[in-house]
Amino acid sequence: MENILQQVGIDNYIYLSTLLFCVGIFGVLFRRNAIVMFMSIEIMLNAVNLLLVAFSTYHQDAAGQVFVFFSMAVAAAEVAVGLAILVAVYRNHNGIDIDNLKKLKG
Amino acid sequence: MLTLFYILSAITLGTAFLTILSKNPIHSAIYLVLCFFSIAGHYLMFNAQFLFIVHIIVYSGAIMILMLFTIMLMNLNKADEKNKPILSRIAAVVAFCLVALVLLATFIKSQPVINEYKVSGQDFQSIKVLGQVLLNNYMVPFEFASVLLLVSMIGAVLLSKKEHINN
Amino acid sequence: MDVSFILVILLFGAAATWFVGDKLASKAALIFSTAALAATLYVIYRYNQGAPVSFIYLWNQSPRIFLGFQADGLSLTMTLLTTALTPIIVFSSFGNLFPKTRAFYALILFMAFAMVGTFLSVDGLVYYVFWELSLIPIYFIALIWGSGTAEERKKSVIKFFIYTFAGSLFMLVAFVYLYQRTGSFLNLHLYKAMLTSTEQTWIFAAFFLAYAIKTPIIPFHTWQANVYQKAPTAGTMLLSGIMLKMALFSIIRWQLPITPWAANEYKYIVIGLCIAGVIYGSILALKQTDLKKLLAYSSLAHVGLIAAGAYTLTLDGLRGAFLQMIAHGFVVVGLFFAAEVINRRFETGEISGMGGIRVQSPKFTSMFMILVLASVALPGTFNFVGEFEVLYSLAQSNIWFAVIGGTTIILGAFYMLRMFQQVMLGEKNEKFFADVTVSEGAVFVIILAVLLFFGLYPKPITDFITPELEKVLVYINRFNK
Amino acid sequence: METNLALLLLFAPFAGFLINIFFGKKLSKTLTGTLGTVAVAVSFAATLYFFLQVLQTKTPVMVNLFEWLHLANFTVNFSFQLDQLSLLWLMFVTGIGTLIHMYSISYMHDDENMHKFFAYLNLFVFFMITLVMGSNLLIMFIGWEGVGLCSYLLIGFWYKNQEYNDAAKKAFIMNRIGDLGFLIGIFILAYLFHTVEYDLMKAELENGWSVDKAWLGIAMLCLFIGACGKSAQLPLYTWLPDAMAGPTPVSALIHAATMVTAGIFMITRLNFLFNLTPDVLEIIAVVGAVTSLVAASIGLVQNDIKKVLAYSTVSQLGLIFLALGLGAYEIAVFHVITHAFFKACLFLGSGSVIHALHGEQDMRNMGGLRKVMKITFVTFLISTLAISGLPPFSGFFSKDEILMTAFHHNKPLWVIGSLASIMTAFYMFRLLYLTFYKDFRGTEEQKHHLHESPTLITFPLIVLAILALVGGAISLPGMSWLNEYLAPVMAKPAEHHHLGNTEYMLMGIAVVGALIGIGVAYAKYIKKGEVPPADAQITGVTNVLYNKYYVDEIYTAIIIKPIYAIGSFFKNVTEVALSGFVFGLGRAATLLGNQGKTVQNGSIGFYLLVFVLGVCSILGYIFLVK
């Protein structure tokens, strides 16, 4: 089967995931809504995942895909716990504005 | 194929931006789903069938549903978020540009290192092969991942439970 | 039996002193410190017979660290000084009642352990660990059992701790760098390193900072007087009698042979500083109203001269510095003990509150007088031997060093006799001053016996250390053809 | 045998010291005193034995004990040398020492610490013997510092009085200034000769060992500074008058007869080196002459009987240094000996007077003692005549030799020396007249108790007076036994003065000068019957002289005060600043920490921004810049 990398090239994927990652960073810095920041983190994770898959194909090695699999598992766990924290924060502060969390400073 | 890549990439980046820029969290979530689907499209283009399916199930299915559910639970579906101070927003834009510049420049500079891609024709990413790799070589991490999920589940339950301070 | 046995005795003694409880602690400490002294004497006896008494054990492969305790003329002499002074210091504390007695005596033994370790180690890193380890007991001794209000005490003790600790860190950096260069911390390997002049300069400076603070050489001495005054006398004796000598010993053992080029290059600056300290300390001693502070500044003046002797890089200077280290160790312990004896009776450290003691206690006066005379290096006392050699070596470097450094014999006589006059002489004091007890007298007699014996017959020590010093001198001269 | 006897000579006084210091309190007073005296007498007997032996054999006795110090280019042994010079010195040290010990048995009998007194006195004799006997400079230095110590202990013997303690301290410290010079001199000599043994240095010089003349000169000058300290020469003489705070036997033994001659002994001992440095000799001569004049002028107006004698000692020592400076070592030694006789006698006589008056030392409160204290008076008169330089008393011969030598070498110095001699005659007779003539001016109480002193006191006086009378015989002009005796230890043969017209004329001038001094004193204090006025009424030049040219005050102002001022500066400024700097470092760290704390404000957005920028810069540095 014709492989996509022969036509698209690994560098295009690198640029794509770099940009995606930067968009994620931008989101984290730009917004103060905790849920949207969460989504931005997911975008960053996905950018990395995408690059892992691309290199997995490039090296023709399954390890990269296995890592992606694990990272998805971790992401799922993270989201579950993170959202639970957010719910707890929301209960206490009646909002999920990230600036409210300044109080957590020691 | 290249065209397809560009279209998908455009969707990915566009929806990602929209996710961030939408005022309403519900809209953000919807755009994010779209973004994830486009990424799944990339996986498909790589012929990574297993990941394609897992990705759709985990992200578009589980995670996004969880998020939407939370948003609705908290009744956040309105654009009442106060904007950050203008200074932080400028800082965010600057940081974004800077990171993008640095990362892209880094990769461009290291481009000569990348060899030309060669196909060996070996099957490495069919579900069957992956399953074997996962359950042979990565047996222990796999089990740990399950433990992790279990723990996170317990953690999530504990955290979101209403506290009874007096008890 | 090798030298590590001494360390074991001291460490075990510290633990045992802690466990026997408050009542027996002082006696246990005396027994163990005396045992350590006996062990040291035995080791020296064996060493003189040519038996191997060093202890070397490869502790860690990477980085290469040796748990090495080298027995040679220099380290054994210093070990003997430590183990000889420790029983004296322990015994001199018998007249005092301390809270938490067992901790006090255990810490003294532990400190002796750390100092003996410092003198014996040949591996730079182990040496450094012992060097820092010795700070911990003195910190607690001064903090818990010191005089003055807790707040003042804390201030001066913490200053002392941080100051000396900060200085030592530079030494650690130097050692790490040397390890990078030579792949070893062993002193013999370091002696052979052919360092460039820039490297030597920096390493010399790093060592100098550590030693100048500990010695102390002006202008790094500001911790000294307050700590001496605030610490309990046993602590002050440990500090001035032995701990300062750690730095002076290390100059000869580590600094000079490793960086001889820099030592030769910056000789005059360093000696100048040391000599300036002699005058500075002497003049400040004149202005002190507190007995222990006065002794502290006199100590500053004396160690300045010792350090100056060591930095002349001549055999006479090194030997004189070494002899003077031992002599000063005994004298200063004796003097601080005299201050303690007065303090026990008058309960003050202020000179103005003393006077008229001679009428009441002639024995104490005689002993104190001889100590004062030894301190001003009257010929016939051990101090004269050291001071003479040091001044002679200084005269060979530059006659003015000897003239300026020699003012110590004038200024020293000035402040010591002035102190003696104000403390001891004059009309009878209204407060009762009992003459020395048997145990106090025993301490004085031992110290005086050592000072007078070696003052007239220093040959045993000289013969013991000279071959080693000649070896050191060979390393020092390897750059200066 | 010889070694043991030499050690006996050395250690007999030390044994006396040990016994007295440890057991003296339990022994009876007479016994401690006797012990002390016997200890010194044993030394004297041993000295006599050696003296007679060396007189015959003419070879010195050497005793080598063991190695003391070992330095890179020289070693120092505990070794002793009994040659003509040291034996001569030992003769009068132990001889006069014995007499003064004997005297002290009676003099100090009422003191509660008599055993200590004898212990210290014995220790002093021990150190003096060490000083004289040592065969190298360092052994001499042991004795040198040791006698300084004993002088300190004995001046401050009545330690309850802090003024006495001040005087003791002053003596010790001024001596130490000289000692530093001595020490530096030893360093240079050791460096030049690679030895500090006298004989070896001498041998090296004879074998043509080349010596840097400039350094040798400096060394000799340093040694001379040492001698100045010990022998109370300008500018270090001020301790000696103050040292009169000690008991009178101490003044007689230490501060007149023996210790203060240590500097002269040292210079004589090293005459072969001093001969090589004529410049230094010239300095010595000038310093000696000036000292003799200055001290004599101060002595003119002093009213304390011991102070007058003290200044006279300084003045006489100055004359001796003048002789040394002229290279006439034998004459210096001669005058040392005669001076020891008559000055010890004078001090002991004044002690007898003070004893009779129960501690009164002011001459304004004396007078008329001639009738009561006959023996004291006669011996005192003989000694006074001797010091004034009237023939045939011993002082005439020695002093006249000095002046004669000065006349031949350096006329200005001769004038100065002669002036000092005239002054000496004046103030000594002033002393004599005020003390012994006219009527008693003290209280009735004192008058009632006036008595001649016991035999133990008068016997030494008589012996010393006889010696002062006939002592000149050892070196008569023209036929000097002393010059011959000392020839082996001198590098140059003694100058022989041909007794011509000039010489007789000089003698005549000296005698006339002395007579003028005596005459003026007679006119003033016998004819007119003047008594020196009370302190407050002293004015003009007399006041300056009475206050000793304000030298002590000047020293205080230019040396002591500045040292204290510097001390205050160090204590209040430098120490505080240094301490402040160290604490300042600590405070700076705290301040920095407090500033840094505000950065940690809890805003996650800010953390992230910094984090991102940090990652950017790291990546940029690693991948782009490098």
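Worth pointing out:
Letters are used for the chains, namely A, B, C and D, taken in the order the chains are written, and counting of residues starts over at 1 for each.
Simple rule for what comes next: a residue touches a chain if its C-beta (ideal position, glycine included) is under 8 Å from a C-beta of that chain, and two chains touch if they have at least 3 such contacts.
Note that the structure is a prediction, hence the values are computed from the model and not measured.
Chain-level centrality, scored on Cα centres against the all-protein Cα centre, points to C.
Remark: among chain pairs B-D and A-D, B-D carries the greater number of C-beta contacts. For this pair, chain A with chain C, the centres built from the Cα atoms lie 63 Å apart. Per-chain CA centroids place chain B at a distance of 101 Å from chain D.
If each chain is reduced to the centroid of its CA atoms, chain A and chain D end up 97 Å from each other. Per-chain CA centroids place chain B at a distance of 68 Å from chain C.
Looking at chain A, residues 25, 29, 32 sit in touch with two or more other chains.
Those residues of chain C in touch with two or more other chains do not exist in this structure. With touch defined as above, residues shared between interfaces to two or more other chains in chain B number as follows: 84, 88, 91-92, 95, 99, 103. Taken pair by pair, the chains that touch are A-B, A-D, B-D, C-D.
Residue ranges of chain A in contact with chain B, taken from their complex: 1-12, 14-16, 18-27, 29-33, 35-36, 38-40, 42-43, 46, 49-50, 53-54, 56-58, 60-63, 65-66, 68-70, 72-81, 83-88, 90-91, 96-97. Contact residues of chain D toward chain A in the complex are 600-605, 608-609, 612. Here chain C touches chain D in the complex through residues 159, 162-163, 219, 221-223, 280, 283-284, 286-287, 314-316, 356, 358-359, 366, 373, 378-380, 385, 388-389, 391-392, 395-396, 399, 402-403, 406-407, 409-410, 413-414, 417-418, 421, 425-428, 456-459, 462, 466, going by the rule given at the top. Contact residues of chain D toward chain B in the complex are 605, 609, 612-613, 615-616, 619-620, 623-624. Across the interface of their complex, chain C is touched by residues 21, 66-72, 78, 138, 141-142, 144-146, 149, 152, 156, 159-160, 162, 165-166, 169, 172-173, 176-177, 179-180, 183-184, 187-188, 190-191, 218, 563-564, 566-568, 570-571, 574-575, 578-579, 582-583, 586 of chain D.
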